[in-house]
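Heads up, the next two complexes both have chain A, just with different partners, chain B and then chain C.
Let's turn to the complex of A and B:
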């Protein structure tokens, strides 16, 4: 546990040194400009637009950081051979993967918290309509991005950084469409096709089961039970994928 | 040194080129309005393929709809794609109230008052506690209905105003409109009862309006008037009723 913590802290410092937090500044500038622009073109719907588009921006800024940092994290260590120095010490490969993942998760927490809080304060100051649901939505986006990060770390243990990035983004897109795979499995007549579709449906992370944006903009009321169930599902998915990444990494020959 | 100077000069020339090009492009007259027949995907497409971003897509199309309306309103006055845009925005975001209100008036410019009415009804169904929807429905029914039977139209509009008046936040004038339209529609007894209820619940101005309207609607003969006014006792608190009676019989012996 101490070794995982040490690797996680180092990973956190390393990614922060890579100026990942600059994303928060970029997001803040983008949101300030967008809020001024939306005030003039949205026909008195500035608050709604700021919240909705703000959350979309949080998702995509976070996705870029999560995918590109996660893809290079393990790969960089192998490429630069620093991993050999690390493995000459009493550090297991599983501990290495978990440490790397948790370090990056901590970085993402800082990035998402920065963007979420800024969005909350901006809507409070500019549109005078901040909603606590904005922070809940940001927390759920964080969980979704952890899933994408875990999958990207998994792919980075078996492929190049670029391929892992592409696959990570593909999984994010597929995760938004997972319910369509289920519909396909219901359409098919053959048992094999149905079974195959169902397996794909289970394998792809379900990133669209709960959409909290309608609640944030006052469209619908969210159910805490479904949020909790979905949150639990995402955490379980993350654990499974990181364990799979560790298993693959343990068998990897350098 | 020379190499450095050349580099600086090249860089400055490039910057100047970029600025001059953009400045020149900005002086061109604003482009004419685009084709009014723009492609608008169905709402089902987005709900199937992007359920997590449904409201965000609705918001993006809301911005596009405003731009589209403004652009064509200033130029060719053609709004061919407007109904499809309204349908997309309100299907993806059924409780986006402003979209319904804006669309109701914009669709009048597109010569589709039937759709204005249709989307206001849909908005009312999705937002049953917002008094603005029945209020606008009453207004649209009264102003734009193609039905030549004005008495029937007045009753339909009055029904919407009555519904609006019962919802939280409704202005006191909404109930007065309902009562006035009931009288226009020939529903004299309903109009009398509505005005009496307005007197019982309304502010001082509403009470003055109610007395004036009732004075015209109630029978002029004292005995007949007493009979009708007695039947209105349950529509207002007892304390109000005695003041109401003295106001309505002012000038009678």
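Let's turn to the complex of A and C:
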């Protein structure tokens, strides 16, 4: 456990100090500020536009950071041969993968918390609305991005960093649409179609289940029980994917 | 007799016997045998030089000893307390750009389970030994090649290992850097550590090593005391090396 912690702290330091991360976060804050302009041209929808556009900006830039850092996380260590140094010490491959993942998760926590708080304060000051759901929505975006990170780390252990990035983004997009697969299966009577739909539905994480933007803008009301159930499902999904990545990585030679 | 055998066995820190390694390369996964039965023994207190032309299998041998690669057949007997008593410097080491020298050594120490207070002392001691005290808080991306090599050696020594494996420790260094690294290896020998290193710089090998093994195309073709090699090569290790590898 102490080795996982040591690797996680090292990964956090290494990624948080990377200047590219700072540039991306600055862009994200710029986009959130740009929501003020959109809000100003929308009629009586100022607060709604700020929240909606702001959350999209948080998701988009969070996704950029999650995918590109996660894809290079393990790959860079192998390419630049820092794994030679780590694995010449009593470090297990599973400890390495978990340490890297948790370190990046800590970096993402700082990034998402920063963006979420910025959006919250901006909405509070400009639109005079303090919505706790905005912070809950940011936390759930963080959870979705952890799933994407886990999947990207898994793909980076079996493919190149670029392919892992593409697959990570694909899983994010598919995760927003996975509930449609289930609806699709209800259209026909074929057993094969139903089975295939279920397999796809189980394999692809249902990220849209924790998307509460409609609640944030007042179009719907999310239930805490549903958030807790789907949140638990996504945490379990992350654990399974990271364990799978560890299993693949254990078989690698350098 | 049994006593003698046991005494001899404890002196062998590393016994590599008939080590073979086959890897699959290219799209068609063509099998290539890199190691074809490597055999050599490193004894306690040796400074052992593993020599050979490029592609002889020196780095693969070290990687297999460390466990970065799995042997296809043969055996590796490591008579030290596992990875906990082993130090390793890879060839052309690259470390984390955004960590300082002391942070990096701290990470390496924690991987061996060293506690915060003794670790801080050990890091300070090693940075002093390798002459990087003034650069302890400088990020590694600002280190020169020689400084990286020295911090690489420091990380290999963080656990005070009995056996130190150095893969091309002198490669790419300027004369000053070479002298510094040689001094570190010499100090390890004085402290009774066992050192195994690869090198193409035969003058350094002649100066530092007690025993050597020469590899060619995945096999050890000569091994023995460096004194014997020098005697056969009229005091010139380069001449002896050429005689052996071209024979």
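One rule holds for everything that comes next: the second predicted complex is superposed on the first by the 232 of 254 C-alpha atoms of A that agree within 3 Å, B and C clash if a C-alpha of one lies under 4 Å from a C-alpha of the other, contacts with A are read in each partner's own complex, and residues count from 1 in each chain.
Assume a residue touches a chain if its C-beta (ideal position, glycine included) is under 8 Å from a C-beta of that chain, and two chains touch if they have at least 3 such contacts.
These figures come from a predicted structure and were not determined experimentally.
Enquirer: Considering only touches as defined above, state whether A:160 meets chain B (first), chain C (second), both or neither.
Expert: It touches nothing on chain B or chain C.
Enquirer: Quick check on the superposed pair: does A:56 touch chain B, chain C, both, or neither? Answer first, second, both or neither.
Expert: The first partner, chain B, only.
Enquirer: Looking at the overlay, what does A:2 touch: chain B (first), chain C (second), both, or neither?
Expert: It touches chain C, and chain B stays clear.
Enquirer: With both complexes overlaid on chain A, does A:10 touch chain B (first), chain C (second), both or neither?
Expert: Second partner only, chain C.
Enquirer: Tell me the contact category for A:211 with respect to chain B and chain C: first, second, both or neither.
Expert: After superposition on chain A, A:211 lies in contact with chain B alone.
Enquirer: Provide the residue numbers of chain B that touch chain A in the complex, in ascending order.
Expert: 48-56, 59, 62-63, 66-67, 93-96, 98, 102
Enquirer: For the complex, give me every residue of chain C touching chain A.
Expert: 23, 63, 66-70, 82-84, 86-88, 90, 92-99, 103, 107-108, 110-113, 139, 152, 155-156, 159, 165
Enquirer: Note which residues of chain A are touching chain B in the complex, please.
Expert: Touching chain B: residues 41-45, 48-49, 52-53, 55-56, 176-177, 179-180, 207-208, 211, 213-214, 217-220 of chain A.
Enquirer: Help me check something: in the complex, which residues belonging to chain A touch chain C?
Expert: 2-3, 5-7, 9-10, 13-14, 17-18, 80-91, 253-254
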